[in-house]
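Order of writing sets the labels: A, B, C, D and E. Residues in every chain begin at 1.
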Amino acid sequence: MSDWICNDHTDGIDLKPEKGLPKSRRGGPIYRFATRSVGNRCSDMTAMEFLPVLFMIAGVVLVVGVTLFVSSLLRPSNPYPAKNMPYECGMDAAGEAAAGRFRVPFFILAILLVVFDVEAMFLFPWAVVLKEIGLVGYIEMFIFMVLLLVGFAYAWLKGALEWET
Amino acid sequence: MTAATLFQSALASLPEIVVITGACILLILGQFVRKGQEHFLVWASVAVVLIAALATLMLASEVRPVYTGMFIADRFAVFFKFIFYLATVLTFLLSRKYADIEGIGSSEYYVLLLFALLGMMIMASATDLLSIYVGLELMVICTYVLTGFLRRERRSNEAALKYVILGAVSTGIFLYGVSLIYGLAGTTQLDGMAAALTGDPLDSGLLLAVVFIVAGLVFKVGAVPFHMWLPDVYEGAPTTITAFMSVGPKAAGFAVILRVFLNPLVAASDVWIILAVIAVVTMALGSFVALVQDNFKRLLAYSSIAHAGFAIFGVAAGGADGIASVMLYLLIYAFTNLGIFAAVIMMRNGDFSGEVIEDYAGFAKSHPGLALLMLLFLFSLAGIPPTAGFFAKFYVLVALVERGFVMLAVIAVLLSAVAAYFYIRIVMVMYMREPKRAFAPALTPLVRATLVVTAAGTIGIGLFPSWFLKLAQDSVFGG
Amino acid sequence: MVPLWWYIVLGVVLFVIGAAGVLLRRNILVVLMSLELLLNSVNINFIAFGRYHADFRGQIFAIFVIAITAAEVAVALGILVALVRNKSTLKVDDVTVMKG
Amino acid sequence: MELVVALGLIVLKVAFLIAILLLLPLPLTWLERKIAGHIQQRMGPMRVGWHGLLQPVADGIKLLTKEDHIPAEADRFLFKLAPILALTPPFVVFVAIPFGESISVLGADITLHVSNTNVALLFVFAVIGIEVYGVIFGGWAANSKYAVLGSLRTCAQMISYEIPMGFAVIGVVMLAQSMSLLDIVRAQTDVWNIVYQPVGFFVFFVAGLAEAQRIPFDLSEAEGDLGAGFHTEYSGIRFAFFMVSEYAIVLLVSVLVVILFFGGWNGVLIPLPPLLWFVLKVAFFVYVFIWFRFTFPRYRYDQLMAIGWKVLLPLSMANIIITGVLLGAVAAP
Amino acid sequence: MGIPLLSFIIFTPVAGAAVLMLLRGDDAARWTALSFTVLDLALCIAMLVGFDTTTHAMQFTEMRSWVPALGINYALGIDGISALFVFLTALLGSICVLASWVAIDRKVKEFMICLLSMQALMLGVFCALDLFLFYVFWEAMLIPMYLIIGVWGGEGRVYAAIKFFLYTLAGSLLFLIGVIVLYFYGGRSFDILALTEQDLPFRIQSWLFFAFLIAFAVKVPMVPVHTWLPDAHVQAPTAGSIILAGVLLKMGAYGFLRFSLPMLPEASMHYSTLMLALSVLAIVYGGLLALAQDDLKKLVAYSSISHMGFVTLGIFALNLRGLEGGILQMFNHGVTTGALFLFVGLIYERTHTRSIADYGGLMKVAPVYTTFLALFTLSSMALPGTNSFVGELLVLSGGFAANLVAGSAAVLGALLGAAYLLGMYGKVALGPANVGVQLKIRDLNAREMAAILPLAVFVLWVGFYPKPFLNIIDASVKHLLTQVQSKESGP
């Protein structure tokens, strides 16, 4: 099984307190936490895995910066009011571009995304350990999906998915 | 978790399953209901709740801790669930006509109420901070939407937005406390916490956590210092929802407070001092500010703050009697408050809002029967015998004195004397002023039924409290 | 390795920033973002403590918090949209129902 | 010392990746135009260099030297930020993508991936999600009606198809019992996932097309009715960033399809080096992208949304449920 | 246990109220209310006939479990002290109905319902043997009384009603706390008789004494907390004033007799001087205020304060004569002041003014009225031959025995009483006639006579032959006294 949870908890699905709970290790006041560090028993996510991400971001920014700099040396700069007007088929632009452009369907879409994306979040860990939790786990997630589908069906019936142009 | 335990769990949560299934079915069916057939939704919703109530009764006989210790079906939960059923069913009955008048045609209204009911039921049964949190959020999210259900009304929108934002803040505060508790105890299960937190009560981290959790929960019951949302929300929300919120979610909040604080934490900290202070301040604020209100709904909002304060006195008292007193208080408050809200809702008809107290001037002259019922409810709220409200307060006081908190009891009664003023002021307006205009209350058979039920409860429990008292005492957890 | 203490401080800082944002900012969208910060500070706490206790409950709790917060914010946005439509403007700054 | 070597290796790998990703659009644009030409029975670019081979270079120089025009009403900060924001995510994603097990260079084993996290798949989706910000900022900041509308539509499209995309890969995760891409490829040594997950592949690929805003889902930049969508107001080198980002996404989707459904670097029958297998498969899907562009008509916007929500999403959910059943049936004794 | 007579007595008016709810029409309401109150009075007389004056034990007791979980019972029973007041209540109940026959011309039905429920609750207070039950009756009275004052009262009725309500409520809520504390000290029992047997520590007794004192003092009313009374009396309709003066005020004193003295004997003894001082203050202060009034009703109201001062003086003299005098004086005050309020009401119905200055020479136009007025005024002054003379004499002799200063001051109060009452009578009945007012005045009619005659009978009966009344209370008072004094040699 993948160790998306902790390595020393391979029975990660069982929620029974006697297994999940650390025995008689009371935390004590917060300042006492300072003496201990996180992750000393879990060895997966190390800095080596996410350092490259930083490097990559730095690299991209560097390249972009250099390119922009080079470009600024080469390109002409000759702005005048007409050129600086927004592109609008020759018409003069009037008012804020965003004004009145806000339509509810976009918003509904955003909400749907939030809901479904978050549900996907539950599905991923479940998918990883499905073989271990077996039928019971499957049934539970099935119920979850059914509820999700009810919501989906509701949205459909309600016309939230209709996009009139 | 094996298939057998899953089945056991499903069985123990049968009422919840009934409600959620019913709600889902209604959500879909609601899309096919044509205009003018909304009464189908009302009856279907009521039927769902009644079936759930039946299931709850079936399960009332034994204690079943299920879902790996996150959920429990015990008498304590059953008692609270019946308060919720009562509140929800009566809200359904009240809503039918009111929805027509306010132009609420959508089936979502009923479905959301059912989901809110589900959230409250989970709260009553939850024995893990996680399940408490889930139930709590299910409930409040539904009430957020319901508060803003009058989409075209600015007041409703604003109330809902305010509620959402403040509610989310309080949830955040609550969660922060939970995370600290989790850090200290290594578990979120209430029993596990009790086992892990048997150390010194003045642990600064624990105290901080408790303060945060108290703050979060206290918000839901509308106690000081997290009461600011309550008057605005009560005023802005559709009146039926206000009625519902003043009873159901409030009781649910108390169910959680009782479970969380009278189970593991009271032993571990001097939390009752915090609660006592909150109770005193809440009651004082609710009572005094209500004195100057002109809007009936706002007044009832402050009154409900004051009542929350009184119930917190019971929590502060603790012990079996303390818990039972809070439970009984909430039950009685449910009857009384729904009754008075039924009257307010009934007044909303045509262009008449019935929200200003002056609107009721001379009501007794034109509708003596209805005025008498309102009088009954108001005196019950004020705690005058022989109404049930008196017995509710009496029992809380008994619990307080039993634990030796006589000073708190004295403060409680003095403040409730202050609170009595604004109730009798309404009586005064109804009985001692001349009517300014004709009244046409929307008195449908359903509203009548609600009034009858609530009045019967208010006067019945007042005269024969014995059975209900026994019920509450037997339902204290573990019982 | 990063000591637990760092996470707690980070959580506190985020919490304070979030709370301050909710209380002090007038723009409702900013308020909603501050709310997210506030709740994410909780998530950091949960995950850090979960790590500390070698217990996955913290992560589970965090996932639930994320999910439910998403729903909450969705509702908040929906209500905001209703309010904005009643005012027929997108300038959220005008909608100052919050007194601060 | 060991640490320095490791860090150096990482820096090297990252630099290599950046180089590839930056340079790849050059041949890709040329290929695209050539293929387009041949599909449409014409020659495509022929002037600059042999068969127009230097055309992309000329384009690049043109973009580099073109005036950088910023509309007067624009939010200048966001306007400048947007292209960078659009460019970064596809590049960052590649950090988590394995191209093979490892190869031996100068006697040292060098893994063909920069970082192997056990949540790589989640990482990929998380980072790709940021892409939306570039789009929405770009459209919004320009303060032009076409750009705003284009960015809103693009945004709606991207988030709509993100959902079926995410659901589609869950079947793969169920099979591999891991979210690590390396594990997923290793799990396909015997049988490629396409065999078990045809529906998943279909959903993922179609959603990928939409994510990359390629025809038949390139509504956002539909020249006919929207100018050029959210980057209407961009010109010069900033415009180039958006283009590079688009090609990077095309490449990314192809790579993901190969890794998730077509066995990654696992070959069949012909014993080629794994890396070559991998490149070939990716090249094939890149070609499919280009091929589709000049074969399919563009969908209407409502059709676009309908496909995403009413076809792909239910399909992907059904796929999860069915995969679960199949897994149970296989696992059961 | 035979017929639950006390329950019948309490619930007859309730039944009347229930019947009234079903009826329509003002006259029907009046007659129904009258018949039920008369029936109740008849039951009370039957009760008195069957009353055994030789024992201090509770009689006609009833006992049903009500809230077993808290040890609350529905327990009724009367001893000599309560018997007297049960009878007084029933008597005044009928008279109230007669007094409001025409005075109440709107919402007659509702008024009668209030009146009847009021009567039931007052009877309940005097009969209750369970503290909780007592409290329920005690507090529930606020509702009908609030309505009676607030709905059917004079111009300032709303203010008066709310003031009345809040004063009484605040006082009685503290009493409630006291009751609950007592409950726990008495071994979780609300049984009044059992609680009197308890030996409480002195510290607790003092606390409870003051908690009770506030509640009872508001009701009596004793001087610092008396301010609700003039407002309430003046604004209330005639029947309301009669009930207030006749019965409600007695409840405070009854509370002292029933709870403070037997349950908290040491505290009662210890603070008796304070109580005597307060009583004297009430007598003198009330008298002085009455002297300054130019409004008939206010005058009678302040005289009430003064008279109730005599009652508490007698009670806290803590000797036999004082107690018996106090109790008799409670009864007398009910009869006499009730009658005086009735007289004010009768004349107000005719002229719609209460200002003393508006009247004069009534003797000529309404001889019967003025004659009876003279009788009751004299009674109020405690002239020999009237009921109050007997009571006041007993109180004063008890007061002198207990505290010389208090006794002397009380005599001064009695003189004050003579001053303002005679002054009032002179201005109203004698002197030059006021033409404008006179035109409106008729003499008493048969209904009014029917209301007044019984009261007049009692004035003279007690005045000339008080023995039967003293007999009723004698045994109980003696027992009470032993209860108090048995503790004297205690700690």
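Couple of notes before you dig in:
Simple rule for what comes next: a residue touches a chain if its C-beta (ideal position, glycine included) is under 8 Å from a C-beta of that chain, and two chains touch if they have at least 3 such contacts.
Because the structure is a prediction, the values reported are computed rather than measured.
Looking at subunit C and subunit E, the chains that touch each of them are B.
Of all chains shown, the one whose average CA position lies nearest the global CA mean is B. Judged by contacting C-beta pairs, the busier of the interfaces B-E and A-D is A-D.
For subunit A, the chain whose average C-alpha position is most distant is E.
For this pair, subunit B with subunit C, the centres built from the Cα atoms lie 26 Å apart. Centres computed as Cα averages put subunit B at a distance of 52 Å from subunit D.
One inter-chain figure worth recording: subunit A and subunit C are separated by 15 Å, centre to centre, where each centre is the mean of the chain's CA atoms. Remark: subunit D and subunit E have CA centroids separated by 95 Å (rounded to whole angstrom). Shared interface positions of subunit A, defined as residues touching 2 or more other chains, are 15, 20-22, 25, 27, 30, 33, 98, 110, 117, 135.
For subunit B, residues touching at least two other chains, in rising order: 180, 183, 186-187.
Pairs of chains in mutual contact: A-B, A-C, A-D, B-C, B-E. In the complex of the two chains, the subunit C residues touching subunit A come out as 1-5, 7-8, 48, 51-57, 59, 63, 66-67, 70-71, 73-74, 77-78, 81, 85, 90.
Across the complex, subunit A is touched by residues 6-7, 10-11, 13-15, 17-18, 22, 64-73, 83-84, 87-88, 91-92, 94-95, 114-119, 121-122, 140, 142-149, 152, 155-156, 159-160, 162-163, 166-167, 170-171, 173-174, 177-180, 183, 227, 232-233, 236-237, 241, 300-302, 305-306, 309-310, 313-314, 317, 320-321, 324, 327-328, 331 of subunit D.
Contact residues on subunit C toward subunit B in their complex (touch as defined above): 8, 11, 15, 18-19, 22, 28, 31-32, 35, 38-39, 41-42, 45-46, 48-50, 52-53, 55, 57-58, 60-61, 64-65, 68-69, 71-73, 75-76, 78-80, 82-83, 86-87, 95, 97-98. Those residues of subunit B lying in contact with subunit E across their complex are 364-365, 368, 375, 379, 384-386, 390, 394-395, 397-398, 401-402, 406, 409-410, 413-414, 416-417, 420-421, 424-425, 427-428, 431-432, 464-466, 469-470, 473. If you check the complex, the residues on subunit A that touch subunit C are 5-6, 8-9, 12, 15, 20-22, 25, 27, 30-31, 33-42, 98-100, 102, 104, 107, 110-111, 114-115, 117-119, 121-122, 125.
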